[in-house]
Structure formats: C-alpha cells, structure tokens
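Report on one structure; see the data block that follows.
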C-alpha cells in the first residue's frame, strides 16, 4: 500500500512541476506590451484601480489619447477612467463596459462612435491586444466569441502558450524583465500621453458606404440598454480627429439614433470653435490623434459639459481621491516634461 | 562534392546522381527569393503623369524623385503599431507607399478628380457606358480587374464613375 | 477530423473512460457508436459510402459461406450415388456461383473507390499532391475510404478462400470497417487480428494505458515538431520547380524524406497507440524502413500492411492465375529463362501500377509506382552480378562501411523516386530531378535559398534536432522496443517522460497562429 | 523430396534448406522467389498451387512445402 502512495505522490509531483514549468514558459512567451505595443497593456491596468469613477470613457485610440483624467479631476474634481483599446470594436467596448459594471457603477459612460464603421471582426492581432488582459468571466468569453476571426481558436485564449509558443525564438529583454511582474502602468488611468507636435496638412479622401453596418447599430442598441439597466447615462461622442474621416451620412445616422434613444451626442469636430483645438499645435500625427495639449483642452471643455449636464460631484477634498490623483498627477507631470 | 566510385550497372540511378554537375550558374550568386515583392509586374494597370510611368510595388523613391514635387504628404498611423503608410498628394491623384521588406514601395494609386485620366482613358465623373467602352475588360471583371500584382477598382454610383484606385492584389495562398 | 485537433482529443477523452466503465458485454457496441459519431462528423456522404461497403461485403460473405455449406452437403449426399466426374462438375458449378457473388461485390466497392478518386482527379487541374498526407486531406469528405475499402474487401477474400468463416453479426463487421483510428492514415488491418480483438471484452490496465499514451505522445511529437515544420519548406520548394532547381532538389529530397517519415510514422503511432489504449492490437506499419539495404527490403518495412495486402490478394493470385500460366507456357519457345520470368515481371509491374494509383489519382503516382516496380525487377536481375561482386571482395562487402553505404544508397534511391509526389506533372518531376546533375548552385542554396522557404534558422535547428531524436530512437530500437524499458523503470519515470514529451510538443510544436509582427500592416483601402 | 531440394538450391545456393525453418519469415524467400518457385514446382510436379495456399506457413521450410505439394496431389483423386 505504501508503494502505491509513493507512486501516486511521485506522479502528482511530476504533474505539478510540469504544469508549473509550462505556466512559466507561457508567461515568458506571452507579449508583455510594456515597452513596445503598449496599447496591449491598457485593458489589464484597469484592475489595479483602488478608487471608483463617476465617468467611464470607452472606445478606441480616439478616446484613450484624447481625454485626461488628471485634468478632469484637478479642474472639476470629476473621477474618471478610460477603458480604451487599439481599434477597439463596438462589441469589445460593450463587453469591457459589462466587465466594469461588475465592480462599479459610474454616473456617465462616454462612447466614441468611430469604431461603428467596422461591422465584423478585423484582425487577430488587435483581438489579442485588447482581450488578453481582460479579467476572466462571462464578459471576456462573450468578447472573445464575438471578436474571433477565421482560424482563431478559443483554447488559445484560455492557454496563451498555444498562441505564443513560437515567440520562444524571438524573446527580447522586455520579456525577461516583466516575466513575472506586470511593471508600472503605461497610462494615466487609461490615458496614453503623447507630447510630440506634427501639424495637420491634408488628409486623403476615400469612397465609403453610406450606411453604418447593421451589426454595429445592434451592438450600440445593446450598449444603450445595458446603461439604462444600470441607471447610467450614455453619452455618444465623435472625437475631434480629422482622420479617419467621419462622413456626414454617418453623423446624421448617429444623431438620429441618439435622439430616438434620448441620448446626448456630441460631434466634437463640429463643436471645435467652443473647444478651441488647433490642429497645427495640438496633434502629434497630422490630425489623427491629439497630443497632451489637445487632450487637456478637450478635457477642460468636456469636463464642464459633463459637470453641468449630469451634475457630477466635485470630489476634490475627499482624502481617498486626493491621495490617488496626487500620485497620478506627479507621474503625469514627469511624463509631460520628459 | 566528390562521390565515391559506384557499381555502375546495379546503381544506374545513383551513378547518374554521382557524376557531378558542370557548373552553369555562378556558384557564389546570392539567391533571389522568388516570393519577394518587386515592381514592374502590373501589366497594363499602370499610371502615367508628366511622362513618368509607375505602378504597384514600384520603388517609391525612384518614382517620387522622377515626378515633379508633390503638394503635401500625410502619414497614416495604425492604432497601435509602427507600420506607416504615407500618402503623397499630387494634382488630381494620390500615391500611397508602404515599407515592405525594408524598402518603401507604392501600394496604392488613387485618382482624386477629373483633371487626370488613366492610360485606358478612365476619369472621375465619366458615364458608366463610356467607361465600359474605354476599358471593356475591366467592365467584365465587374470593375475589379486584376493584372499581375495590381488590382484596378472602379466605384460607380448612379451610373457615374465616382472612384478609381489601384491596389496590390492580395494573394490567397 | 485529423489527429492534431481538440475535437479528436476530446473524442478520445470521452470514449476511453466510457469504454472501460460500461459492462464488458456492450463494450464493442459503445465502440461501434463512437465510430459512427466519428464517421458522421467527418462527413455524412462518407458515412453513406461506408454503409454501402459494409452491407455489400456482409451480404456477399454470408452468401459465399452458405454456398460452401450447401456445396459440402450436396457433395456428401452425392458421394454414394454419383460418379467423380458429376461431383467435380457440381463443385465447379458452386465455385462459379461463389465467384459471381465475389466479382459483383468487388465491382461495387472498387467502383465507388475509383469514382471518388478519379472523379476528383478529372475535376482538379491543380499542382501536385503530396504522398499520403495530402491524399488523406484530399478525401476528407470520404474519410479513409481507401483504407477501409481494402481491409473490408480483404476480409471478403479471406472468406472466399475459406481461410476464415463469415461473421454472422453484421454489426461486428461494421465495427471492423469503421474502427475510427484507422480512418485517418490506415493501416490496413486484417479481420483475423483486429476484427476478433474489437469484439472481445477488455479490462483497463494502468500500464497499458501509460504505454499507449507514450506512443501517442511520440506520434504527436514527430508530427507537430518535425513533419508540420518541414512541410512548410517542402511545399515552398515544390511550388516553384522553375526557381528551385539543381542542388535545391537534393535538399528537397532529404527534407521530404524526413518530413514524410515523421508524418506517416507519427500518424500510425497515434493510431496504434489509440488501438492499444482500447485493447485492440493493430499491425505495425513500419519497421525502421530507412535502415533497409535494398529496395525490396525497404518495401517490406515501409507501409507494410499495404504491401502485404497487395502481395496476398493481388500479386500471388495473379502470378498463379490461368492466363498467366498459359502465357508462361506460351513463351517457352523463347527459352526457359524468359517463360519463368514473364509471370513475375507482369505481376510485379501491375501490382506496382495499382499501388501508385492507390496513392493518388495524379499521373505522377502511376509513374512512381511503375518506376518502383522497374527498379525492384532490375535489382533482382542484378542479383547474380551482386553475388559475383561479393565473392570477389568478401572483406569489403562484409564491412560496416559497405552496409552503411547500401543503406544510404537505398534512402537516396527512394527519395529520388519520391520526387514524383511533389510535382503536378511528370515533366516537372523529371526536369527537376535531372536538373540536379546539370545545375551547380550549392552556394545559392545557403546564401538566401534556404531562408526563402518560410522557415527561420530556429525552425531548421528544431527540425534537425527532432530528426536526430528520431534517428537515436531507431538506433536504440535495434536492441528491442523502448517503451517496455521505460515502463520497467517505474510509473513515475514513465509519467515524467510523457510530460516531457507533451511539454516539448506544446512549446516547440508547429501549430496555431504564428505571432508575426509584420502582419500588422495598417491597410485602409 | 530430393527433387524439391534441387529446385530450392537452384534459386538460393547459399541456403541450407534441410534445416532452415524460417525461409519466408527470415527474408530468405522474397515474394519474387516464391513466384519463381511455384512456376518451377508446377513444371516439375505437374500440380497447381491455389493462391490461398501461398501463405508463410507452407513455405517456411522444405518439409512444409513438400507436404503441401503431396496434399494438393491427393486432392484431385
């Protein structure tokens, strides 16, 4: 009998050692998104938050590079976070919102409508960037199933080693430094700062479909219903980049949608006189994305709008928030003057 | 590669293998990768301006320096990645380039207005029947006509040509 | 449903426990249901064709069996009353009837096989197919039709020859035909061995389960680490015969030899491992073929079950058949040497033509088969010359160097013939092969050539070490199988070996989406 | 029996057919040789060996082969 126990013990030990080794190799091979492709780091950083947020921004790079939670707090005491991702598709935004609503209930959710022009899954690389960092749960499962392109396999999301094992031949220093630690955040509560300046000149034209894809509108409907169910006000915006183009027909379609659902819709390109963004100084890539100066201008403008329209509380003075945002502001200032 | 002497009859096949080759190729020539991308294979789908003829996958630098100065440029940034495609704006058309295997190559030519014509005589704003008469082969291919490495896409709305663009043919292997 | 897929692993993970938990009596029924699920999953049309084969063969075999019995009874009854002549006439009448049933059944089954195979060829003008691997995928619709048709027809021929009694229960025959691991890459089993074992009750044994798992893991190891990796380079080489010429062909031959060996033996290891896990012995299909010293010896150690099948049911019957014997007598005029060789030559070439045609519908396979046959006949003819050579240099021919040389010669010879697998047309195959002797571009192969095949140096290093591991294992196997030795050193050690195999497959296997940074070209058109 | 041994020695002079009992399994007689052997036996013994009897058991040793030939011989009486 003793021999049998020894065997079972030995086998169990072998299995544990093997799975441990595979787990370690899996972590080593998975891309770290810390020094390169940092957009992949954003989804995971949300779970480090210690304070809740009255405003949640969700959308693609036109959101996580255009609004600065530091400015919103220091100017208006508005607590906010940006759950954005590279080319984050509408259903990914929906599921990220659903995931956030599990642990907090914001007053306002701001969604950038540009990604509505993509009706079906686009690229496996973007899927991995946006979804790998997500917390496991029904939201993540839903997001994966809705985003998978042809040839992708659900198991490779459950066991990242199945997807990234090839990388064992192309590891970089970054993979080893962040092997077992996630490293410090790459964003400021989801905001990715760019300090460069590259004035806008001329943007290409393109032929386009008059109507936004049917599937995107369906997902927008579901997002509106989700917000209503949680008593959250949904605000639709079109962030003020001048490229990719946001065509008039699309703008009218979203305006009609907002009207019929009683939602506020801001086309910030049209409202630019009030915002005051100058595409000669406030962009780092010829008008596609704002740099930190543009983002602060936009945050100052939109903070006032949100405070007045939705009566957001001014949390400045409350110890927990002050401590959190003070640390954030310190890091923010260093980044701004680098 | 010297091979040992082999029993001729019994090893008929191997004997043939062993007799070595009379070198016809230069032994230290670097091998050109047949799958690599290179210009000049766009057949009749090229574009011409100021006497300069160019097409898909041509080297960008050569074409840009041959053409008169462009009006301005625009660098398209993808959301997360460093890969950049640059648009060069000219009078009536735009050239798009992308870096492929270390060299910038032309990956798109777009006709912007009716001030320029394609070698086959297509221009923005012409009627659909005139376009069909000018380039019947493209009409048959439902205005998505491929030739070599280039694909011509013509957008027609309410019987008028609205858009003309040359792009690389995406190989489906 | 090919082996490297979650579906297959899940299928196994469910089947094995259920198989050993149900009462012994109905174990084979559970297996039959599992086979049904597997076949239908692969394609309903395939299930229909298989059903036709099972029904026709079952009916024919029972028909033949009853004829045998009635023949014995009538002859016994006639023994007292009729002359020898009349009894002989009666026996011939029964024989004619049995042959009628047999031929009808053969026509139906081989008709289906021919229609599906050559129908596909007529419909397809694409580039060359690869040996058995592409062949398997090509007919995914009719999963493994060539394998189960041959093994089921083999059963019918055994019944016709009275070597085994016909199976009374049609479900048991269906179980034999549709046994799922055999449907992917064979081998072609015999009813005496697999058929019986499938229906016997099996008790679970930990050691056999572990031994089977080791074999399955080793099969996946060869397939995913070596075969699927080298296949990328082989495909690139074969896709452009006009660019990859000269010494590239030698590289192609060697890569393809390793790739096909790893893929085919890997698949068979998985099949035999699964059979072993269910307690069903399946014939070995390989016996370290690359150590053969002659081509005929090679074909007794590579794809053994196919060779056995053709020898047993085509080669021997053909060479002793009446027309062949008449032909042999007819050519006696040209001398005894010729008349004795005629049946053998004709039978060999025909069998090899059929073997080629079995592998694929493209003309290149037929030529491959005939060439194989021709080389075998040639080496037989040269036997006296060999003997004289051995006599004059006994010391040389006994030396290890000469034995090593014959092994390398055989491998190169077979690899040369195998080039026909790679190309779509015979012309391409031959022009590529002979370009090896006219073009000298060994420098180009290593300066850019090898890198343009879609594999990085890391891939080549992994594939090469994989081939080394396979070679080392073959050397160890010379002194007996390796798995009993692993098991002898205890369960824990065996589990460790198993886990190491699984770990290396997960890390170094060539599967899934490659992380390819260059694919992120931002394309806005 | 002697006649049979002569035929066998003609095919493979170097094998000792009296004692050898694994002619087929041991790889001495290849399928090629077996067919040649059968045609020779049919010439010498005027006997027709049906395909179903061409199995390793009957060809593994000279005795087994001789037993097969005699058995087929009596069958036709």
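Letters A, B, C and D mark the chains as written, and numbering starts fresh at 1 in each.
Going forward, contacts are C-beta pairs under 8 Å (C-beta built on N, C-alpha and C of every residue); 3 or more make two chains touch, one makes a residue touch a chain.
All of these numbers come straight from a predicted model, not from anything done at the bench.
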Fill in the blank from the handout: A count of C-beta pairs in contact puts on top the pair B-C
Handout entry: Cα-centroid distance, chain A relative to chain D, in whole angstrom
Key = 83
Exercise for the section: Provide the C-alpha centroid distance between chain B and chain D, rounded to the nearest whole angstrom. Expected result: 71
Problem - CA centroid of chain A to CA centroid of chain B, Å - result: 37
Practice task
Using mean C-alpha positions as chain centres, tell me how far chain C is from chain D in Å, no decimals.
Solution key: 29
Completion exercise
Listed in rising order, chain A residues that touch 2 or more other chains are 125
Problem - Residue list for chain C, restricted to those that touch at least two other chains - result: 520, 524-525
Practice task
For chain B, write out the residues touching at least two other chains, lowest number first.
Solution key: 76-81, 165
Fill in the blank from the handout: Inter-chain touches occur between A-B, A-C, B-C, C-D
Handout entry: Touching residues on chain A, where the partner in the complex is chain C
Key = 7, 10-11, 14-15, 18, 21-22, 25, 31, 123-125, 151-153, 155-156, 161-170, 206, 244
Practice task
Quick one: which bits of chain C touch chain D in the complex? Just the residue numbers, please.
Solution key: 161-163, 296-297, 300, 311, 315-317, 319-321, 325, 328, 340, 343-344, 347-348, 376, 380
Fill in the blank from the handout: Seen from chain C, its contact residues with chain A in the complex are 6, 456, 458-459, 490-492, 495-496, 499-500, 502-503, 506-509, 511-515, 519-520, 524-525
Exercise for the section: Write out the stretch or stretches of chain D touching chain C in their complex. Expected result: 27, 30-32, 34-36, 38-40, 42, 48-52, 54
Problem - Complex contacts: residues of chain B adjacent to chain C - result: 1, 4, 6-7, 9-14, 16-17, 19-25, 27-36, 76-81, 83-85, 98, 108, 165, 167
